[in-house]
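The chains carry the letters A, B, C, D and E, assigned in the order they are written, with residues numbered from 1 in each.
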């Protein structure tokens, strides 16, 4: 668990972004110098549908406090249909995590287009704030991975 | 076939003929009208403002009472009642806030959430009786008569809510006229306003509007006009000098079915 | 019924329609019954059993057996759903199997029998709405509902979605009302309570892999948990995370493919209610994407490999129920 | 610009004034256009601009027949009649601002006038 | 032990101002496997690239991590540099420390720390990278153009000129499309037939072009360079190879009252007919809905008069299968149905017409032989009202949300030509905006207003009311005058919105090409790749991609041809090596992967496996065609056994990144 100089909890957040829309949207928020917290780290995937539930569980295992998955808006997928599968898979996965009592706020899917730099930054800010408010992930971490 | 019947206030006084002929013809056609007990005035006009709740309660109560009868749909003959009741009922489907507030007002009475329905007598004739069947029941066909149907506004608009007929090119009254053996007259002003309630504050406008409507019907060769709305009938008769008679559609229906004198 | 089945099996062996038969055989105890392959009439005559303890789902065995030649299998409705799903996934070649549908009125749960103080069980017989349990101390008569397995109490169907021939009457689909009660009970809890519940259950897991090995949907040539290259291989769960991980991923892998046969819970030596995970997915799928029954037919697309443009957003999870 | 007022009208009417593309079809369609100082497309535009006083002071708002022809034909789904109704309500809800008073009725009505007209006119023009 | 190099870019001050690049290089230099770690002001510059190349050679690096701007910017630059130094280009990973770090953070310490984490993630990933080589596939040197309007014609001609064979598939009995129905063309007023029909003839005569008229594409399989199409050649009951187009059959045909679709039903044709005089191919067709012989076996006149024996009442549909390297969609448009706008009385009055009908009414080959006459009574109209934007620029409930783009200009043309030919006619145009961007377009519109005296009125028409005397009362608003008008018109012309052909959606599904909500084909990039579909090998020509006028359509058609020629001139195609692949030993053959693949890249085969016990086992396993796979990865998650993985973004690579970030 990270804390900042004032002792406040700084969550670790992993953002999976599809190469064509959301990663480009993240780049755009950079180009526009829109700030969002540095504890969010982006992993580039070709399409949101590349994200295996395993990756999300792995992130929690290794100490992530929140995982967000961003893709093209439904209907705009570079690969035509990828994000439709993502939508179903993640809906079911999130529901299952909730069912197991894992805080449902720790996972999120957002559709961010390459033009939505502003939305990307806003989304990241709000997600990071939400996770910070929840506190550290304790329910789905691997104690052996704790620093 | 039994339906809840909502006559509305005007049918109890100035438009008694409309009420009487509607009931008589319905009975003859095997439709039972059961008048909703203790109904109140629908309000005459539907206020589209989102924050007008109390003015719609009378309609809601009528709808709530009507859902107990027959298949739950309320039959109206007057265009205005049809318009008000149907728009009110529609609001439940699209506006949860309205639903919530209305039911707060209704505390103590049974809740209502838009489960009822509204149907105009013309729709019953079209969809339940059927114009082919109606044609068979006609004993005194109006052969040779050229009749102009006047829809006005309240039956047709807003079409997204009322879904009564094509708002620009309606057909139900024309088909009705054909079923009675007469010839419908198509004229452009049949779905334009007669001047409505402005007769009270600006009679000149009402006169101009009604005159334009009648002029258009006369130009196309109408012998007489029919309508479903008492206020339209008033404007078209009292606010113009044009001599073409205007009658309720139920009156001509009664004639054709052989009811009453002549 | 048992005799009819034996007769039919021997006929089909004799006329060369099949070379082997899959049925059930008794183990050390009368209630210890497992699927078995019979190769000749003598084996069938001697060992073939069919009674209220024959709960095991035989469909999975057909993957291996059907690769060797034509085989006969007796399928309860449960097994037939699983079978059909395997056919849809090309795990079994249809032409290599001869399927006989047999009716099932529900199977007895030996633990529930024992819980009623009945010991020394030597056999079971159906008698209308009751079971007659033979024991070394004499016969005991018990109400059917008192000893049926949970999965049979909420049976989804008495129908066989696939078969070549039927013995007995074909049944019908049954209403789903009770099947999801367990899931609903959990959903109604707070997140804390759910977490505590599952921690309590999953921490019992000894990673014996029985659930995986019995599951007719878990038929991978090489399971990701056994594959060192998958990055998540585990031999035994070392900590709570891995217990969670294993069961979440397993449920996810069978989501949209699980026919809810209930074998996972039946075989779990720790009595973890694993079916509650699978049923959660089934319930979510039914609610979000329309009722879907894996194994119903081989045309309807698995809800996880299909979509509609108007599907619910994942945020729907946040809006539902209690946190 | 009076944005509070504009927001209130937009909320009350549920109409989408910002969707207007200024084609003028509402005014082309209005049966009572000739009696109005400001016309339907101007109502919409004035609300969008937040131009309060002039519109509320104009007698035009009492000339709308609520015939809904503009609503029906608007290609942008703006619903001008609902805008006008909201403005009118805003006016008559002010104290003493009733456009039609019960005392006026006997003079305006005759014996054949349907009750429907009285109720409607009062609902439209009075609090 | 692998040897990695890390290169941290300053990007001038873009990165260096917020990120302590030296500290990053130093920290990453301490990571295991990293043998060289350095920083430089501009890594993408030639000297920066040389620095990388030299390091690769000097240290025999196995992998390179570059901490710089977004990989979307310079990944290719650095991959090329690596390749030049002898390193496989797919052994390069980028840590995005500009767009996703220095530019979005202000605190130097925080940004530096994040840059290091991003660098570590890239190192973790590159350690698991494998050298990849792009696969190759051959190219069938033949193009398919679907749609034979001006777009398809131009594309086909250009491709054929470059020496490649082309098939044009046209659903109607003749090519020519909408342009063949037009009278004159703006802004030069050339006659449409005069400039179009020579191109149609060129198509017929070009030996590289085969016209498959009255045909439809039924199925398309394959992938870029290697498509196979099934084309249904619908029965026309006339042998195309024998018919000379003499027209004798048409003359003798006794069925005379068939609405003539070429003239939009405003006059009649026979049951056996040639659509119009300059049709290509000029071959008759028998309409089975009207022909007495085909309906009840009574007649046979056409067969008797045909001197070449071309009539064949027994003809049936045939299906042709052909291979193509590239496919062009040129399916064009249709005007929308205007009946739904009842206020304009299109259904009630014959004298309310659409603009396309107006074209036919003024065309010499039209129903009135070019004299402008009212359809109701055949009299000259003296007052004409043109209504713009009918169904365009609406809410989705009310019509089309887009501007149809061509109406302002063709209406100016109609108005101008009417005034020129019939100076006694009053012409009114009701407009919301007059949109005339285009060479000589605004000048053209101004001429209509200034020189020809067309009355342009800013406002809309509320209602068109047919009157007893046969005139049309047009009630409209004049927004400039702030008044409501009534114009007593003889003819009302509606500028109907245009929409993509109804056939387009089915085609898009066949081609796995994407479409927008309006059913226009989506281009690969709206600015930079406007004539390609996102699906490789599928190209877009004309209005099927979005509303266009003729000059624009022709430009796009030629641009499209250039792209097709570019593709067909290659002997082999190099693919993206970051594609899916299946581990046969783990694959169950369950088909989950194939059911989510948007490209049909996965097939199954029964394969024999030698088991450890020396027995042989036949199993159904998935096989990915790397030329078809685009690398989305949908299959990798659908696969329960984990047999399916993606090169360049493998499970282990992504998990290594996750681990590095969460550490």
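The working rule: a residue touches a chain if its C-beta (ideal position, glycine included) is under 8 Å from a C-beta of that chain, and two chains touch if they have at least 3 such contacts.
In this text, all values refer to a predicted model and were calculated from it rather than measured experimentally.
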Given chain A and chain B, the chains that contact each of them: E
Chain closest to the middle [Cα centroid of all protein chains]: E
Chain pair showing more contacts of the two, B-D and C-E: B-D
Chain whose mean Cα position lies farthest from chain C: D
Distance from chain D to chain A - Cα centre to Cα centre, in angstrom: 49
Inter-centroid spacing, chain E versus chain B (mean Cα positions, whole Å): 50
Mean-CA-position distance for chain C and chain B (Å): 62
Chain A and chain C: spacing of chain centres that average the CA atoms, whole Å: 36
Residues of chain E whose C-beta touches two or more other chains: 343, 397, 463, 596, 638, 651, 655
Multi-chain contact residues (two or more partners), chain A: 53-54, 58, 75, 81, 85, 89
Contacts with 2+ other chains: residues of chain C: 224, 231, 304-305
In contact (per the touch rule at the top): chain pairs: A-C, A-E, B-D, B-E, C-E, D-E
Residue numbers on chain E that touch chain A, as the complex places them: 70-72, 96, 98-101, 103-107, 110-111, 113-114, 117-118, 121, 512, 514, 517, 534, 578, 596, 598, 630-634, 636-638, 646, 649, 651, 654-655, 657-659, 661-663
Residues of chain A defined as touching chain E within the complex: 12, 14, 19, 23-24, 26-31, 33-36, 38, 41-47, 49-55, 58-59, 62-64, 75, 78-82, 85, 89, 121, 145, 147
Interface residues, chain B side, partner chain E - complex: 160, 166-169, 186, 188-189, 192, 216, 219-221
For the chain D and chain B complex, residues of the former touching the latter: 11-14, 31-32, 34-35, 62-63, 65-69, 71-72, 79, 81-82, 85-86, 89, 99-100, 104-105, 108-110, 112-121, 123-125
Touching residues on chain D, where the partner in the complex is chain E: 19, 21-30, 33-34, 39, 41, 69, 73-77
